[in-house]
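Per-chain numbering from 1; labels A, B, C and D assigned in written order.
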Amino acid sequence: MNKIHEECGVFGVYAKEKTTVASTTYYGLFALQHRGQESCGIVVNDDGVFQYHKDGGLVNDVFTPQVMQKLGEGNMALGHVRYGTTAASGNQRLDAQPMVINHIKGRMAVAHNGSIINSFELRQELELEGSIFHTTSDTEVISYIITKERLKAHSIEEAVNGAMGRIKGAYSLIVMSASKMIAARDPHGFHPLCYGVTPEGNYIIASETCALDAVGASFVRDILPGEIVIFDGDEIRTIQDHCGEEKQSTCIFEYIYFSRPDSVVDGKSVHAARVNAGACLALEHPVQADVVIGVPDSGLDAAIGYARQSGIPYGMGFIKNKYIGRTFIAPGQKAREDKVRIKLNVVSETVKGKRVVLVDDSIVRGTTSARIVKLLRDAGATEVHMRSSAPPFLYPCYYGTDVDSQKSLIAVNHTMDEIKDIIGVDSIGFLNLDHLGMLIGVPKCEGYCSACFDGQYPTEVPTQKYDTKFERKLSERGE
Amino acid sequence: MNKIHEECGVFGVYAKEKTTVASTTYYGLFALQHRGQESCGIVVNDDGVFQYHKDGGLVNDVFTPQVMQKLGEGNMALGHVRYGTTAASGNQRLDAQPMVINHIKGRMAVAHNGSIINSFELRQELELEGSIFHTTSDTEVISYIITKERLKAHSIEEAVNGAMGRIKGAYSLIVMSASKMIAARDPHGFHPLCYGVTPEGNYIIASETCALDAVGASFVRDILPGEIVIFDGDEIRTIQDHCGEEKQSTCIFEYIYFSRPDSVVDGKSVHAARVNAGACLALEHPVQADVVIGVPDSGLDAAIGYARQSGIPYGMGFIKNKYIGRTFIAPGQKAREDKVRIKLNVVSETVKGKRVVLVDDSIVRGTTSARIVKLLRDAGATEVHMRSSAPPFLYPCYYGTDVDSQKSLIAVNHTMDEIKDIIGVDSIGFLNLDHLGMLIGVPKCEGYCSACFDGQYPTEVPTQKYDTKFERKLSERGE
Amino acid sequence: MNKIHEECGVFGVYAKEKTTVASTTYYGLFALQHRGQESCGIVVNDDGVFQYHKDGGLVNDVFTPQVMQKLGEGNMALGHVRYGTTAASGNQRLDAQPMVINHIKGRMAVAHNGSIINSFELRQELELEGSIFHTTSDTEVISYIITKERLKAHSIEEAVNGAMGRIKGAYSLIVMSASKMIAARDPHGFHPLCYGVTPEGNYIIASETCALDAVGASFVRDILPGEIVIFDGDEIRTIQDHCGEEKQSTCIFEYIYFSRPDSVVDGKSVHAARVNAGACLALEHPVQADVVIGVPDSGLDAAIGYARQSGIPYGMGFIKNKYIGRTFIAPGQKAREDKVRIKLNVVSETVKGKRVVLVDDSIVRGTTSARIVKLLRDAGATEVHMRSSAPPFLYPCYYGTDVDSQKSLIAVNHTMDEIKDIIGVDSIGFLNLDHLGMLIGVPKCEGYCSACFDGQYPTEVPTQKYDTKFERKLSERGE
Amino acid sequence: MNKIHEECGVFGVYAKEKTTVASTTYYGLFALQHRGQESCGIVVNDDGVFQYHKDGGLVNDVFTPQVMQKLGEGNMALGHVRYGTTAASGNQRLDAQPMVINHIKGRMAVAHNGSIINSFELRQELELEGSIFHTTSDTEVISYIITKERLKAHSIEEAVNGAMGRIKGAYSLIVMSASKMIAARDPHGFHPLCYGVTPEGNYIIASETCALDAVGASFVRDILPGEIVIFDGDEIRTIQDHCGEEKQSTCIFEYIYFSRPDSVVDGKSVHAARVNAGACLALEHPVQADVVIGVPDSGLDAAIGYARQSGIPYGMGFIKNKYIGRTFIAPGQKAREDKVRIKLNVVSETVKGKRVVLVDDSIVRGTTSARIVKLLRDAGATEVHMRSSAPPFLYPCYYGTDVDSQKSLIAVNHTMDEIKDIIGVDSIGFLNLDHLGMLIGVPKCEGYCSACFDGQYPTEVPTQKYDTKFERKLSERGE
């Protein structure tokens, strides 16, 4: 429904012995499903023999009991969920991760969350040597670079370390070889990555802590920006050559929208950050009103924060249909309008005759917000005051999220007054950029990336890039 | 997850001309999905020609774009969602409704929500005349009785009127003939039934108002207990011969759990009833605490009510995984435990080091509650005080819901102190039976059925009955 | 491809003890698949508890391993394959057999091959008493009549015996009650029905002997026209009250096309009958030619007979694609033309520069024949002489096959010369009606029905009938 | 059923303008299905934009109407059917062809039939440079070699020409670039490859002529051993640098079993070759008998030849179930025995009391033959004389077929007398190796490869190889 999309979630299991690692990964991916709904995959490693399955679809559609049975048991498994394009199914499948490849020293599976800014250059360099590419994804470039490094390195972890010197940008990476599991996070620490341990002593690596909870594992610690953690035999080793190489710049939008509220990212609760955002909004944009409601699900936390700070009662403004899946939209219907009404319904009791504060996590194009506001007015709300717990989106993101081209961003093209009129509200308020740091208790948001709001990119920005979303017409090359 | 189940939802469209009635019904059923997740069906009536599709599964799995295309357009459509048994798929399909039958005067489709208490007697009477039955459902008995009445009546509505004199119990019924749509509600008015009108002037009949909202229809009115409303050509007629025949006794549990909070049943908001229940609980069972949380989704409304009344802050205690569908449960897993953890995760930030009031809509067996309480304690809650917005279940229901046999009801077998220990809480409080009427502002709950709590049945109770849940071994009859 | 269709095949297992009766039935139906490709069903009877599954599709698509597992084991099973209409999937499923119904004395499953000529009258009579019908199939009428008889009878077999006095027409029937399996064949013996025994001592009832072979059973004997055979406990009983009531009139087209060549019907080999037909054609319609070829698969036997009698070498004229299933026909294609070419390809080597005798089992509309002849000419055949091992179709069939309306039958509307020109052959020859008896060595075809060729119906013909192929618009009744 | 398997079939369309190339490819692959039943794929090229779909399964299961719609139209298309392993579904999909890759000069799709004998060496060389491999298939090696050559070449066809100097073994190849379609056949001409033209002037490239027939194309000519044919704009060009480089050695088993009888390979009819084989057998191994029958489908042609030469009547000995697909084999069954009985049934009429000559195309392990002979004896055959139109298999094949390891070949381990006893026949006769040339009218079989029978390999044999059938445990490499 017109949201910014995260591109991936990764999950790995490193077990002491052969066990049901595939189903552990299934549950882990299921908990990370919000990070990617287009395709998913699981690779099971049974003492060096890889079995895998990847396809377009949600985790519980792709991984049927039959597929799970085929995957069998193993001592390691690697999984991935991906937000992708609406490409032909063949392409969708190939682009599904983890990527499994063979190289001179063996076999590896790679799962990646993020976006490489020098992938175009690296790819061109590889292609000039005669390399072939099956996909347009950064993951294949990463796999190549690791393989090239492996030629000179003594181990796969050294190769990963070497590769980290060459690939620039955002990557939370898990590499599974025949015998080792390796987690790596880029020196900026753009996206989260952590590990935990189960009561049985098996290690779990995941994009978010909510996936550790889902499989009954206890959180151990976050992978540091620039760190490589190696799970090998009984030991856990770390390589920190790239730590401190760059100033940390974790994506602040992970707290505002991407991560699940029950996750703790780099030691800070996502739910708490959102409640704080709501409180800030109440301080910045106070209003006389009767009830505070949130847009389910991602606006609810901030609505609670706004209500607490303002003293205006918190209410349940909407019921979200909980059976939403691949809901069929009849061709004859006025599609967009119905889509909102089918997913959300107003609880009239809450808003009828009331002055309503409506809190959402962010406003991208404004079209969905306008529809929701209309639903509230139809249900009898006398005033609607919109509050967004994200500042206005003004700049593109190059680190693994799909902030639309600037053309479609409402805040790029309109003044606050215009936005208020487009959405149809009595007042509007976005979180003040200067207060972003209050979400996580860090002055000036130091150590976090807020480039999509302020244009302050922590890296060079790519000049050119293989588009992972809309396949470039490769025929332009001549053949 | 261990809840009381409603058995059905019904939905009908009566259009002025041939249009996309199938997709309207699709969206209507999708909004009523909470009333039945086992099977569903749609019958499209194109000027007397019926096309239909029924199968086990959720609405958006059963009704694929291909199926919708086959159903085509029509001037009327009838739909049904059903909570049923885990019978063999063949049986599930046959038992799926609407039921389509041919009789001497034509063809009809019947969709039914409720349970007939004299179905055993009626069926025996019919069988003694040599009638055959394809299913064990009450709907087939109803269809037969209407057909028998039709032999003497002048119209299908008269036949329905006649049948209402013979069938006893709970029924919210929609009958679609070649040219008419007929809605009927039993004289007790056990379950809801209402109708509305779309901007195009088409009529919508539905179990709940939330389905009217989903298809953009305005609520017109509830069908009265004992009333028959006929949609025929341009007119809407009503037969009220059976109105007032019985004392109204609408199911109070529709407000507590069955209906969606955004629905308005017989003029009263379901959400408001639940918020009221929470407020009553705060008055009845006050406690010193730091935060009030609800069990998603059905405990959230009452939690808001408890928080408002008590002044204890409302918090978000859990994140519910929103991709829950037919989640695969690995055979090697400790199934029940995982099932709770996979669906719900605690927001530690909210409960860590806090005294928590945990509000749920009801407690049936107590096993799920115990699991949830354990999750809270593991997350650091220092005290957990459980509050149930339903009184304790003590008696079976004969009117279309599946309250478990008394054996498994925790309140039948245990004292409050025992329940407290089983669930593992510091205190427990159920809504006081005497205060039930406060939910809907009616002294002594007059006009509502609360037999599952107090054993005061508004009808005779059936001596014997074809079991619709566990197929009776018919071989006992001899053949 | 433009053929006359048989409407059904039936198969039953009566085992000494609980065993894999479902898979035995699966293999039996698989061998009978040629008798019906539209839908199929299996009912497993485990000591009176029925589990069943029915759906549109081929046996090996409908009965997946998961479905088979759900069906489980039992001591009896009943199966059915059906040729039906292209109705909406809902209807197709309901019309799928066996039909499972409950009546006053218990439960039964009914599988039927044939067509009842007085079903309209019986149905009207039943409807006037207020009976309801879920389907438009004769099987439901038969079930009702048996149930009505059961009210006065002492046993299910007596009820079947009574019903046989009331239902007229063609029926090869298997009725499975909680404890008995009953096979019955109409007094004319229109369609085949036989039984056999497995090495384990389990009884198998089937439409054709090829199904006994497929499950490793030995043929015991054919059910006699008018006979009822009861499998009950350790004994096999027979009721022969209706034997001899009518003059036997087995469908001669079972030998020409319907039955599989490896089956033996009423003591006569189907393959031998077809080879004989080819020999007759060689005697009746001799021609100077270089090679005799058959249209696969059903024209091959007669081609062998023609070649042997004439001394002209038998050749392989066509290769039939053996992966034919639900082949996708692209919308943009010249559909009919491609359909023939995709299924059949000429072996040029066999026909190039040759005078070809082309043998097919029958010619219905002539359009497919014309396409095939064109393929031969394109491949270089210098002359094509068509021979049909069936006489020309001139009359409708009322006994369970779907001979098209007379309008589309080529022989009704055209002279032999015209047919020759339409099909594009150098000469044409149909089997002479007077020689039909030579197929099975019976003078004047005494005891066989050849009404589709000669209009001599062995029964009264129905005045009116519920159309089982194209659903009558029931709204004509008024409601 | 225990046969030697061909590994692939290829099919390409080069159209003058945008049209339904996907459905043409569908029908072409459907006609080539006998060359590979495990997986299939189609790539549509719409002016340089590739859409593709590949999956495990038969053509008419994988290519549903929805998939066909997604593939859309284009001006070129490339398709492939593959016989593969029972690997995990993920692997099966990835290994499915055509392979689509991107390289420095653009994009290409590659479809390949055959087997490269120096693929291990080429792969090792590539891996030492740091290349990564997604599959273990030769096609990826071929793609790489072409890409490497492309770095120095001026065009894709030159790159293919260069690659042909480096890859050794059997390959019938189609390469599709953004703007060209290129067909290439190895210098030995191991497997067939030809092209034709449709009435609309579109070019079709296919493994066998039967696929040209299926899409209504006329045969133009075979691609020569060592030739490259380029379809580019309006012209068709040829590069013949590698022609004559090696002595032609077309696989003789293409005539005996692999190709469809209606195909013409290198100017010789497959059907005629088989009839000739039957005639040879009659001359080499005469016997007094009453009937000659073939094992369907591949033994029928030779049976006709044996019958003609011997004067013993040809008969129809078996009916093969024509609905065979992915038939469910019940776990509780004696699997192998049933499998034969379910697929084949004896026509007793043909063999009862007769001395039977049984002709099959070849005998691999002998187990299926023994089962078939038992069926004949059970049906009353008094004598069974087995004749194989292939000589005994004695050596492994390295050119793209899966002749079993020598261990399981019956002729390697047993004398003729032992084979006779194992199979249970009265006499046995294999085609004499010295007479192989008579099949295609070539003395001493000059220009054909019969290495599986005589061990005379036309190339060096590989010392080591990535196993394409059973994935080598790559962990042996260390990682």
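Throughout what follows, a residue touches a chain if its C-beta (ideal position, glycine included) is under 8 Å from a C-beta of that chain, and two chains touch if they have at least 3 such contacts.
All figures in this text were calculated on a predicted structure; none of them were measured in a lab.
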Chain located farthest away, centre of subunit D as origin (C-alpha): B
Cα-centroid distance, subunit B relative to subunit C, in whole angstrom: 47
Whole-Å gap separating subunit C and subunit D, where each centre is the average of the chain's CA atoms: 37
Topology of the chain contact graph, where touching chains are joined (line, ring, star, complete, other): ring
Every chain pair meeting the contact rule: A-B, A-D, B-C, C-D
Residues of subunit C touching subunit D in the complex: 20, 22-23, 26-27, 30-31, 33-34, 37, 58-61, 63-65, 68, 210, 213-214, 216, 260-262, 264, 269, 271-272, 297, 300-301, 304, 307-308, 313-316, 318-319, 321-328, 330, 332-333, 338, 341-342, 345-350
Contacting residues of subunit B [partner subunit C, same complex]: 41, 43, 47-49, 51-54, 67, 70-71, 88-91, 93-94, 99-108, 124, 127-134, 136, 140, 143-144, 147-148, 150-151, 156, 177-180, 471, 473-479
